[in-house]
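Consider the two complexes below, in which chain A is the common component and chain B and chain C are the respective partners.
Take a look at the complex of A and B:
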């Protein structure tokens, strides 16, 4: 089961330092949050999509298409009705509300696509080491990367338990919302127990391999900035600075 | 709050953080496509876990809850809201174990979270509501501050979305899990050495009360202001409404009190 978004390609986006990609991602978030202007956000979306296209990772858009579509649909629906405005289109739906809903949908989707591009072009090891280089304590980064690696195993365990309970007659599809929630108890408990009972063995295995022996760790994977990283960081910095200037001066 | 940082010295606690985070993420991910507020939240039966993890594993449960939520966001909704999601989910597990330990609701000679008495079940409900509402307050306030989702919508939905599973599922979960975790010596109080344990006493109790009142004041006050009690429209951001008491201010006072109370313990 391939749950992760990472796509193994040899592109310049993949070869950027994870810290650069984190900087680009947060730069995108900042610009998206600054503006409520549909043209500006569409321009940003085009830029983000071009960045993703350069990294050959846009195929992952298919995997999150339901989420992107639901965001767009719900935003447009909600804001068309409650957004207010004078130009009535149909019932409580107004043109101004519709445009605002569309703007919010683009804003959310741009941020999610920026996150997707980062995850599609960066390995878990890269993210973890990038966090350590950004002065996140090693043990925190270790817990984070271990947890990510454990997710498919836990999902697999819970799937097996679900099938086993179904074969014993557990009906997860019928009943009220409270009854459905209660039916998750015989699924969550064995999953929880099967995962947690490995704690003692896991910690002994780690300590037997010298976990925590020395605060100055060395890594097989080495990160370093090169010319492309500096160029990308400077471009992102300029775009964010210009966006802040435009926002403060022209108040989009 | 010192155990939140000192726990990283213990390998077993680091492993528990990873396992709790993996578990929480694994239960969040299957429901990612059942959206309640686009890009922000979805149906979350996994919300039963943070309170239980907090009571069993203390700070490891809190970090696990925060990291697990972040990993859940990696599967389709990573955005600026993930920062507030991280802090909010941390508090979702942190507040319950602090309420349990410090607010004086359970007998001080029998603080084990085994839910073997009506008083303990009642305390669990109070603690779970504190965690659920604290999480809603922080995320709702943060996203209102950024102008992304109105506080009224997000605060109310996260409150319900968190509190129902954490109480309905959390009670049977804790009743079944506690004896096993205790037997395996995995309770956080059994793992951390005495010097790394948080302080108790009057200051901690006061901190716990301030934290709880901050959560209630921030969330309920913020919702009241958003509902029109002070001139703000329900689905407007503060900046757009521009009159009356600000949701950001009221909820912000609650957030500040929550953190001040947390640091006192």
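Take a look at the complex of A and C:
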């Protein structure tokens, strides 16, 4: 099973400089956090989805659909009830609360999707090199990219472990919430132990391949901005600038 | 270029004791010189200090792993005490057993580039190295693949490539083939040989397989932190009794002849061909009557099997990504059988056995357990009859004590306290681990953890026990102990299904063999019949043990040295 988030495709989104993609991602975060207006956020969501669609990486969203759905559900449920407002719909649920819940849901999901598009279209080496070029020390950039690398390793291990424990009779489907939590102990502990063992070998292998030989190193990958990068940077910059201006002037 | 001294490694009075080690040291007074261009094989039982020695060579000890260190390790005239690991790494490349954990890049090209990048090779040179290295480790054309999509053997070859790329003079591999299937192993051995022939590279390989040690220039045998033997593999491996005693598998041919003849140690043949020659020279004979008795006994055994426990009919399995893993398998497993499932990785053997306890369901065809389709019952229900021990015991051990671990399965099935007590005792007794109840399972050795994992499935009192590579990563005496245990379980009435790559284990223990190749059953039958067809087995890269090969050349098939000795006459 393929556990890596990165989807190896040849699209212009993949070919953008990682720095550009980082900039686009943070641009999206800024706009999303700036506004609490549903239409603006929906427009932003449409833009982000289109961006992901042209990078052919939206298929990866299937993997996190549960998370996206849960965020939406929880947000809408909670805000509908506690949000308050004039228009009563049913019991304590108000229309204003519902809309606010929906807005918050879109806001967070857009940010998650933007992050996901970035990770799906950028290689780990690209990310770390991008960070290095943005003046983050190599060790720090490498640590960050290693964290991303660990996720698929943990998922893979926990998959095997789940099968092993189910074969021993572990039944995860029945029982109350508290019983269920207890049932995860036989899954979590072996996962933890395996990951720690794995990372130990990993760090020895790193040292044995000369990691930290010198503060400078050659970069086999080469990053360079081209016309498309500038176009994307400019578009993002304008969108963010306009958003801030609108926010400050009209207090949307 | 500066002329380099002929000595690659120089170790003087090396002693090391890990920080949390209580009594003995991991290494005791090691003195060792290795000349440039030598191919050195190191063997020894678990805990002999082999990996510790390897880690000393590039300075992981004492810089990365702490403890009491004394003595000197000088590699290419660089003292490991004065240079950090990343500097030593340029002189000596280290490859680890666990290939999953040492690969981390998005594609092969970048994986190989990582080392040279650190050592500041110019970009053009890196490009050149990638091309050259891919050719050496036979992974050309895969530059853009993700390492995670490779097979085990390819991954380990990539791991070797990622070290070769920065051109160290010395390469040290710590059990590079332990986790690989026969095909993967072969790939690594071929590369090692080619590297040795082509360049003045110094090669140090820690290995478990005695038969492969014959390829080296020099063999070191270690035990309890000391080097006990140091010499030509041909000479060292003739010391059959010493090798046996220390817990390494001895070569079968010299062992056989040392038992049935008075040949001096020097005269002992090593390989099957030489063995056949010696056999004829000594005028030895096989007693037909005794041989027939063995065959007769085997027939009786197969007649005594009970009802069909697992029935597999026209089984197909296609994974959701479209991979067709099984393409029509028919197979019956009867009560009391001991079946070995062979085949290289990706052949579909794990997919097959996962159908036996309903971890997977057929996409076509059927699997019946005691007459009931697996589709109609749950893993929980089937788990009472069929237990599955996964390959890595660390994937299931979680409890604080051995008792808790073994009690897990019956407890979850609602068995009463007294009954649990009884079952834990019984299971621990079966695996020879009574008295360990209060131990922390994580503090045990790999072999012991493996046995706890088996005990923890035994406590469910299953009819059938499925074992996925139960001997991988164990040394010879641990393997033997594990297999004797499985044999005992089989004799007590458990049906055994075992996936394995270890051919001597199959030869000496299994009753029946199923060879899976590309999702199909390519060979299936009694062990002796299958092992007779040596050439057919080779097509699946399965090499019969030396004693089997030698006896096949005589027109008989003997499965173990003991069996052949019992039928040998004359000479003496």
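Points to keep in mind about this one:
Note that in this section the second predicted complex is superposed on the first by the 186 of 252 C-alpha atoms of A that agree within 3 Å, B and C clash if a C-alpha of one lies under 4 Å from a C-alpha of the other, contacts with A are read in each partner's own complex, and residues count from 1 in each chain.
Here, a residue touches a chain if its C-beta (ideal position, glycine included) is under 8 Å from a C-beta of that chain, and two chains touch if they have at least 3 such contacts.
No experiment lies behind these values; they were computed from the predicted model shown.
When both complexes are overlaid on chain A, the residue A:67 reaches chain B alone and has no touch with chain C. In the superposition on chain A, A:248 makes contact with neither chain B nor chain C.
In the superposed pair of complexes, A:197 makes contact with chain B and with chain C alike. Of the two partner chains placed by superposition, only chain C is touched by A:217; chain B is not. With both structures placed on the common chain, the touch criterion links A:163 to chain C but leaves chain B unconnected.
Once chain A of one complex is fitted onto chain A of the other, the partner contacts of A:209 are limited to chain C, with no touch recorded for chain B. After overlaying the two complexes on the shared chain, residue contacts for A:90 are found with neither chain B nor chain C. Touch criterion met: A:125 reaches chain C, while chain B stays clear of it. By the touch criterion stated above, A:8 is placed in contact with chain C alone, chain B being left untouched.
Within chain A, the residues touched by chain B in the first complex and by chain C in the second are 3, 146, 149, 153, 185, 188-189, 193, 197-199, 202-203, 207, 211-212.
Interface residues of chain C, counted against chain A in their complex, comprise 55, 58, 60, 64, 84-87, 89-90, 93-94, 96, 98, 100-102, 104-107, 109-110, 113-123, 126-127, 144, 146, 148-149, 159, 162-163, 166, 321, 354, 357, 359, 379-380, 383, 387-388, 390, 392, 394-399, 408-409, 412-413, 442, 456-457, 460. Against chain A, in their complex, chain B makes its touches with residues 8-9, 11-12, 14-19, 21-23, 25-27, 29-30, 32-33, 35, 37-39, 45, 48-49, 63-64, 67-68, 70-71, 73-80, 82, 146-148, 164-165, 168-169, 172-173, 176-177, 180-181, 184-186, 234-235.
Chain contact summary for the complex, chain A toward chain C: residues 1-4, 6, 8, 123-125, 146, 149, 152-153, 157, 160-161, 163-171, 185-190, 193-194, 197-199, 201-205, 207-214, 216-222. Those residues of chain A lying in contact with chain B across their complex are 3, 5, 29, 32-33, 36, 64, 66-67, 70-75, 82-83, 104-105, 107-109, 111-112, 115-116, 118-119, 137, 139-140, 142-144, 146-151, 153-155, 158, 178, 181-182, 184-185, 188-189, 191-193, 195-200, 202-203, 206-207, 211-212.
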